[in-house]
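Note that chain A is present in both complexes that follow, paired respectively with chain B and with chain C.
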Partner chain A sequence: MTVVRDRVATRIASPPMHRRLSPLLVVVIGAAIVVALTYTLPPFRTYQLATVGAYLCVTAGLTVLTGLNGQLSLGHGALMATGAYTLALWQNKFNLLAVGIVVAILVTTAVGAVIGLAAARLRGPYLAGLTLAVAVVVPSIASTFDGTFNSDQGLSVILNPPPDTMTVEQWQAWVCWGGALLTVLALALLTRGRFGRDMRAVRDDETAARLAGISIARTQVTAFVVSAACAGLAGALFAVIAQSVSPGAFPLTLSLFLVMAIVIGGLGRLTGALIGALLLVALPAVAHEIGEAAGSQRLEGNLALTFFGVVLVVVMLAAPGGLASLRIPLKKKGQR
Partner chain B sequence: MDRFLFLTFDGLSRGAVYAAFALALVLIWRATRIVNFAQGAMAVATAYVAYSVADATGSYWLGFIVALVAGLLLGAGVERVVMRFVDHSSPLNGVVVALGLVLIIQGVLGMIYGNEFRPATAPFSRDAFDIGGVALLSRYDLFVFAAVGAVVVLLTLLFTRTSTGLRMRAAAFAPDVSRLLGVPVGGMLTLGWALAAAVGSLAGMLVLPTELGLHPTAMDIVFISAFTAAVVGGLDSPIGSVLGGLMVGLLLSYISGYLGATVAPMAVLALLVVVLLSRPDGLFARSKARTA
Partner chain C sequence: MKRTAIVLAAVLLAAAGCSNSGNSNGGGSSADTPGVTDSEIVVGTHMPLTGPAAAGYSKIAPATKAYFDYVNANGGVHGRKITYKIMDDGYNPANTQQVVRQLVLQDKVFAILNGLGTPTHSGVLDFLKTNRVPDLFVASGSRSWNQPDKYPGTFGFNPDYTVEGKILATHVKEKHSGKKVCFLGQDDDFGRDSLAGIEKILGPVAAKQSYVTSNPNVGPQMGALKAAGCQVVMLATVPGFTALSIGTAAKIGFKPQFVVSNVGSDPTTLAKTLGAAAPLLEGVVAANYLPLATDTANPWIQLYSKVNTQYNANAELDNNVVYGMSVAYLFVQSLQSAGKDLTRDGVIEAVKKGGFTGPGLVPVRYSASDHSGYGGEQLTTIKGGKAEYFGDAYRTDDADGAVEVYKTAAVAPPANGIPAA
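Let's turn to the complex of A and B:
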């Protein structure tokens, strides 16, 4: 028993995020930088900044789930779609953005809880396969219930114009980064405390964690629900930025991009999630420019795709330490 | 009743393809404990090559053979260049690398061939014969049954009757002991990946003419169906994967026939969830494959 407790103790001693800086301070500085940027950047860059904020919501939640709790989800693109469609339907009926975003988060959280309950019983490739199926299948729901979701065309989102004192892009950036910074603050506080310790313990050694009195299933479901809520917020923010939602905006590749973003930035770190979110916006933009320079439409989207794939494979092969902490006890017999 | 019979045969024909694809997944899972999430993309890549050859030479069969050979080479290449160097301490690593391959393959295919659907022609007529006034099977369905049946028989013979098959099984189940006994474990793994990828290419060639056509993401939903088939049968059981494939094919055919084609993907998801939560080792597996 003491051996087990020691194992848990040594593993739990791994450094929590942002030990040096208080998360609140980081968030306040971040907010100041964003506000400053929205007044200096040209409109298109401000729009891109807003997109980074929206991505940051989902990558931060996903990196907590995968990096700290060891559950790989390929279904977060579908969860984002849930949040986006909820916001679109709400806005077109009530046109109350603040409440709509909360409703989008709540609905996505409920969906995430259902998936999370199933996910808590699955490991490794089984979990990946199930969430992959969710990511592939969910967009097709829009075609099945086309009366509500209007099939492939999707829905447009009714929004009130922003206050007179700011441009649309500034307003978008403020809304998105407001959501992103609150998300990061909540996750940083959450993962520093007992819950973060529980998640790491479950990830590293389920048996030891269980012996130490941690409920495995509850920790895993909670982690999934938290990251689903983040994905719902991100989806709602994307609906606000694009002012429309359609199944084509949430393909399987989006879910794969999210995984790439958190792997490349360093799993389990919120700074990694920020790097990933920046890359998700910057790399397609660079690929777009290269494609335009080469005058090839085929190059545009696919160059980014290929590049993301290469980065993912190279990072995984060259720096397996990035994922090495993600040991999930699969049965010994089965492993090579 | 006529409709039911038609849907049954249609489902068996679809199921045969899923069975072949699921079999490819099971081959790699048994050998390396990796679910090859890139298998759909790999199959699409070889199909693109095959149809390029077929278009250039005017011969479908030359393209068909090229697809199988390309599958062998691609499978061996992926194992030699990438998968061999994956750190196996976490089962997630293999999954993430395979997903990276999906992105690379889809991106490269899109750059070369573009992201629009291209027609994938079938070598035989897909019009069903009338048997006693009921349209049941097409020539193409018979071709599918024959091809998948041949693959299943050949793989069974390989694994149960040849020394190479014995070595492959030994390398998969006890790599260290096999190495001590002189089995080239690495070579067997490469061979396993090559065979699996070739079987996947075959399944791709068989299924693409019945779907919308060639597209970099054309196999995504097929992959999900085949993964479900493999899980239904138990990831460790080749026979289970064949039976699972037929079951999934029948289910999809009935659901598309009676409830509409757009409901079919959701039915696959529902089946996957139910099986994973109730019988995660598969309906046919006897040994435990997974800790809960």
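Let's turn to the complex of A and C:
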């Protein structure tokens, strides 16, 4: 934990407030780009774009938790599973998607609050261990209560077909990026205000923060809950994209990949979360291309992991603050 | 935040850039049918090449491809060569979602052929239906594939697990009457359908246990069955778990008669997995509906053996290879029947028309109202490391129909090994 904290502390040199673009403006521009892309990309790329959006929800929430508040969670895959299963059960009963997504977020928030309460009492490796256990337990829960969760086979998700004017993939991309951009906007506003300062203060020095009148436990629990809500939204969106949920979709490796992605992207930065989300979709695809070119389909099952590892090592050596910390020389001149 | 906007724009535009190149290779079809040109038919599948179900099953798709290569070398089907795209899903339903979308949306395949697995394939039925992709000869015996009203383009291949359960249970009822019969099955439709069939014949089993493929340990389950005093254990397991169950039972000194579902019974695969403990397989009863790989006198095996040597790098000929080539043979039959003007609806109509004869001991059941595959099985037992057929072939349905003997002899393959138009 100290390692994470120190590194982030040295890297996050916030530029002065007045130089920043309004998050609202960024989100509006982002929405325009996404809409434009859904009309130009072929269907499979649009589907991948939707997946990036769903990943962005969870990586954004996780980077705030880990990067800004210094809590390392290895259990966000399990929180995503909570959101996904909630949505699946809701849809199969009521078939009201918008309400279902909200319910999924609420249920995951509640689960996150429970884990967060325990997490606030733990530090460093113990916190990682607790969240790891949560990630590991998902398949067991699904097979123990197989009457509800249907074991490894999982549940299919009933969805109404999208409006006739758009394709399924366009609709998926819109829904996912709608969720992602709202998440990013909410997190950007939240972390800029008092809560963001509290989180950084707690991360940097708990004693000093307490002396300044900040409630350590409340800040940590709130950060965990916010992050869990984001993960729940991501899980619900994944259930919508895949039209099915199963424990295999939320394995331990997913939780680890999420942490790797935000570290490679740049801890504590929403830009880093975006880069991480892109990598989560792009690297397995690249691994597949390589596996196919090498003529061995068996390779690709394992190649993505190797790839992530190599990228992590290279990025940490070349840019310890993550890809988002890289500065384009041209821009540097203008800024300084 | 300015950087956020720039990065956002840059990466999304980059994504747009690489996408256009991906777009262009899908087109170029002379007709409007995706995946079909005058010289090629592109077909895709999802298979467990890695992961918990890879043992044995990973040999199926290469065998199917080998038979297609054989057909291609002999002029193809109506002048078109078949390209078979094999995707690894690791028997993980989440991966299946991903790879099937890639096959349909990016690679623009004509059809999905022989997608393997009950839990995996269940998740893509709706997607394939929405995109009107023929979903032929699913490599599983779940009854889900036989829903002509709900999924008009989906057809099964294996005898369904309920049919199989009824046939295996009939044998148990005749040969092991009065003994305590127990059940271990996969915790999904595979195990449940199988148990349903068994209980239709035998009534409730004495004890039942289940396993999940994500947890490779059946110690507690076998212990419970031993404690229940089971004398016959019926397994609805994939090959890795069949071997694991038999091995685990031996370790705890539990020696019941094992009766195994066809999908988990290939002796070559099991012997390889068990290694030095392979003699434990002696006397294991299972069932099959295709010629057995070790029956070298069978004309189908001679054909497959020739194709295997020439186009499958002389892989060890086991029942998985036989299965893969039989799927390919049936697909070529369907394409021949669909005619030169190949469309997605055309091939579905051709399969519905049915009337295919091939390597199976019993016929496939395809009709407008029935999308399930083979309708029965014959029992096998393992002797000297090889499976051998015994008794008669049986046919039945997945409801309460009687289990009846099927006497008609199997047909021989055509002289050139390729079904005629």
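One rule holds for everything that comes next: the second predicted complex is superposed on the first by the 293 of 336 C-alpha atoms of A that agree within 3 Å, B and C clash if a C-alpha of one lies under 4 Å from a C-alpha of the other, contacts with A are read in each partner's own complex, and residues count from 1 in each chain.
Keep in mind that, in the parts below, contacts are C-beta pairs under 8 Å (C-beta built on N, C-alpha and C of every residue); 3 or more make two chains touch, one makes a residue touch a chain.
Owing to the predicted nature of the structure, the values given are computational and were not obtained by experimental measurement.
In the superposition on chain A, no contact is made by A:268 with either chain B or chain C.
In the superposition on chain A, contact of A:143 is made with both chain B and chain C. Of the two partner chains placed around the shared chain by superposition, chain C is the only one that A:153 touches, whereas chain B remains out of contact. Once chain A of one complex is fitted onto chain A of the other, the partner contacts of A:41 are limited to chain C, with no touch recorded for chain B. Of the two partner chains placed by superposition, only chain B is touched by A:309; chain C is not.
Of the two partner chains, neither chain B nor chain C is touched by A:77. Legend: residue contacts after superposition of the two complexes on their common chain; A:53 is shown touching neither chain B nor chain C. Comparing which residues of chain A touch chain B with which touch chain C, the overlap comprises 140, 143, 251, 298, 301-302, 324, 331.
On the chain A side of its complex with chain B, the touching residues are 66, 70, 72, 74, 118, 121-126, 128-130, 132-134, 136-137, 140-141, 143-144, 251-253, 256, 259-260, 263, 298-299, 301-313, 316-317, 320, 323-324, 326-331, 334-336.
Every residue of chain A that touches chain C in the complex is listed here, in rising order: 19-23, 25-26, 29-30, 33-34, 37, 40-45, 47-49, 139-140, 143, 146, 150-154, 156, 161, 168-169, 188, 242-244, 246-251, 270-271, 274-275, 278, 288, 297-298, 300-302, 324, 331. On chain B, the positions that touch chain A within their shared complex are 29, 32-35, 37, 82, 85-97, 99-112, 114-115, 175, 217, 220-221, 224, 227-228, 231, 235, 260, 262-263, 265-266, 268-269, 272-273, 276-277, 280, 288-292.
Chain contact summary for the complex, chain C toward chain A: residues 1-5, 7-9, 11-12, 15-16, 19-20, 22-23, 26, 49-51, 58, 86-88, 90, 92-95, 97, 101-102, 105-106, 118-119, 122-123, 126-127, 130, 187-189, 210, 212-215.
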